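Letters A, B, C and D name the chains as they come in the text, with residue numbers starting at 1 for each one.
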């Protein structure tokens, strides 16, 4: 089971405070689908807002990145040279 | 869009005629460092611009009764290259040279700085402290005036619409006389004075101050002449207690405003500090001449 | 509006143009003569990007009327190199990475050239104060000041 | 390849930049330098009010003025529905973007665009603006972030309900969203602390201050296709935004980036570009729109002003046991301040078990904030680095040692979550400690301060084409505008990969129709991400060159190696052939399979986070409050410096922007909410005579995810200066300044107050 960590912002909104989960998923796409089944609505939020760090490696636009059984997967807000505040 | 015309007369007579016929819709162009900004920003909308830089009297520096006549349109760069003025009136020269950048120095003039009538004008307190006179010509003829009698409020002068300043007269100086001008700005360059202080003085052989004049800028609607400041210096050797007195009378005399460049409290405090520091520099200079 | 005919010399070339009385020399150089090397960063004499030489004096062309240049000598960045030879200051700015975006560079070069012609051996402080009217937001000025000092040393050595 | 690779030929050197000659001769064409036949002048009418309802706009008089060819208002801009959509890696709300470009229903800040005209010359355009009459109903305004959060504050957007709070609020608010970051248990952490220090701070909004004002030239065709030339950090981003706002097919718009006169994040969005296009479409002629400096200050940028509070608990030995922060950032008139990265960066440099950060994104009647170098980070890290300085003093430990004791290293869980890979923070601390500056003597009224800074750095989408010309010279095309010498780094990486002279590589910045999507120049991503694309494309070229040589020699490609720009037989049994140069292979390319070209399109992952440590000496005039920076040293981990000179330049420039932020830069508003210092005269960026030389120390801890070990450089150096200078002032005067800018009146008041 991979260890999944959510921001406290997300956990307040969708998982009633739970920030750590154990889930089996082969890649980020699959993981988000599984999360959305247990916490309806979180999927869109994750796809729209979040980057992912798998074992320390940050992916700004995660989708097909592989997840191994003992991976540590952090969802964190996308960041960029201010490009997250363009409007 | 009112029609704007430009004229570049070569004599004072031509210039004053142009000013007279334009009845107060004309602006005089010397260095233009204020005028062009005001034009660009739409703050002024004149019908005629009279460029006085082709008039011999306004662009030359000449010796006069042991002192100097400095044309109203002489640039800071030119004044700064004039050994005589630098040695006799270093405070006046440094005041004009403090205005803006090297580029501004290529244009900015004593006449423009005075007639723009800004309370923060750098050259004006120095000229007032130096007891400078100016020559004014209008359609009614020529008159002389003390520089300190020209500015009567922000943007307001005692000049008539058809009058122009031709030159400034800096009198001959007795031995052991000198002057200094200091201003405070947030950066080291390129700002408008938050406070300015000009001091001119004369010492006797024993180092006692026999004559002094102190003027402050940017601490009231017009430049201030500190009679009291002069009297605390005269008769003293500009020792610490005299300078402390100068500091407090200078601060006491301030009637500043709060604006984007400084607060009442700050301007009042720093005016005293600068008057004190300027007096020290003037003293050191006077001891050397 | 009645345009005024002006005859002047730009970078050594006799030059004529028509301009409105309120048009600045910078507008004339850029829009009428198509010499766009002089830049408008502020139009109020605060940034120095439009620096030129007017009858041997360093000025901001945004604070000069086009009509004022009648009969005068105007020198711009376009006249700084000769043929395919860069001016030593231009060369030094390239070698020492004294520019990043390059928008302020023409103004700095014109101003620095004026300095070295007046004072071939300036101190760092003299260079910094002479160039205080030229704003640069990219470099922090360090490499610009070094380039001017190093170029001055080369020219003295040469 | 790693950064300690000794046999690098070009990487790390400082060759003259390929675009240098044009930039020292005035030949380079910047945004306002382009002219087209029949070109009109575009000008924008802006709101004199901070907050008002637009009751009506009458443009008839302006339209009737001879020489006026087009007038537009918000009626000409499609009012898009409010949705946050991904744009590249970015979240953007096109409705806000449209309404910032041209005010609709309400003006939300002094300087907000309300109409625009295109006329045959400047004077007519200006006259036309004066003929547009607008009936405003002035509303109460709010400028300060905490006033905007107050119960009774004037509301900017009636449809804004605070996000990230449950239950959903029932009334609108100026707080767009809350951000929460929590690791461990701060209460438990503080309970273990021997010393707890907490302080509040205020930072001023600051403008990027690029010397080149925004400029755009647009030419719209009758066929619905358009050309746009503009000064931007990202031509592809401009293309997307403009196409969306004008309802065009993205590919019908060709955007060509001019040379760009500085950006620092401020040219990552659009202001004039859609306006110029709309005017050109309406007038049927090319239109050039250029901002005045006053417009730049009133209507573009800046970064957020903020109110921050930080609480840190330590053991007597200096171990940080807990850190907590509350950050309130101004977003300007529309939602979207850099609060998120601000929260994430606050404690990022340190290994702290218990961290809690709460952030607020707050709208106020100011121009919409834009990106500015390491957006959000300088504001939160200023507070943390200031509090750390007080802690070091109170437990009498050297401020660098305090940071060394708690510094994040490889494997540390960053305060925002994931583990750090290889990072060079402690190396920068060690280099700072060893630097002669740190032990140099100080005089009276002088003080020394140190502080650190962190930024993530990013990668993202980049394309590159490497084309071999007939004579073997190389043209490298990328989609990344060159703000600070990136053409030079691209040329260096291509030359290194191809084993040829850097002078034979000619980089070029391509327009949106000539190359694939490339995300903008920002986030310190270009040398990393676009560099990876260039290296990848160059490797393809090398492969092709080996194949062609194999064909010429009629041997197997495996028997051909590429070395120092030549194809050579792999060994004696491969055959005895004279090495073939790139030129020789290129000249016969037609016979061996046609032109030789490499093309890469990638989304670069694995950007290397970067850290900096700065040292500053100041002298404080106790009678005037003037702070003079006497000496400044900036140490930074750059992974690998590709072009040494421009890496140093980035660090020096960033540090000096930070010094301006620390000492003099601020927005001054009058009681009507109008900006009172919209110019370089009273918005005081540092001038040459304000500064000493900026000494730089480049530390190189390679980023394993880049072929040459590159980390982004441009953002980090603006993070430490505000606290570095504040800490130096504290050391000189014993006074902790908590409000930026630390201008003479504030410093003097603090000194007198302490007497």
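Definition applied: a residue touches a chain if its C-beta (ideal position, glycine included) is under 8 Å from a C-beta of that chain, and two chains touch if they have at least 3 such contacts.
Just so it is clear, the structure is predicted and the values come from calculations on it, not from any experiment.
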Return the chain pair with more inter-chain C-beta contacts, choosing between B-C and C-D. C-D
So what's the Cα centroid distance for chain C and chain D, whole Å? 29
Can you check how far apart chain A and chain B are, centre to centre, with Cα atoms defining each centre and the answer in Å? 68
Whole-angstrom distance, CA centroid of chain B to CA centroid of chain D, is 44
Multi-chain contacts in chain D: which residues touch at least two other chains? 123, 680-681, 686-687, 689
Residues touching two or more other chains, restricted to chain A: which are they? none
Contacts with two or more other chains, residues of chain C listed in rising order: 1, 20, 43-44, 46, 129, 131-134
Which pairs of chains touch each other? A-D, B-C, B-D, C-D
Across the complex, what residues on chain C touch chain B? 1-2, 4, 20-22, 24, 43-46, 48, 51, 54, 57-60, 62-65, 67-68, 70, 111, 114-115, 129-134
Please give the residue numbers of chain D that touch chain B in the complex, ascending. 123, 127, 623-626, 663-664, 668, 676-677, 680-682, 684, 686-687, 689-690, 743-745, 748-749, 752
Listed in rising order, the residues of chain B that touch chain C in the complex are 1, 3-6, 8, 29, 32-33, 36-37, 39-40, 49, 51, 53, 75, 77, 100-104, 106-107, 188-190
Using the touch rule from the top, collect the residues of chain C that touch chain D in their complex. 1, 20, 30-31, 34-44, 46-47, 49, 76-78, 80-81, 86, 90, 93-97, 99-106, 109, 124-125, 127-129, 131-146
In their shared complex, at which residues does chain D touch chain A? 84, 86-94, 96-97, 100, 164, 166, 178-182, 237, 265, 268-269, 303, 331, 334-338, 340-341, 344, 368-376, 416-421, 456, 458-460, 519-520, 522-525, 603, 605-607, 714-715
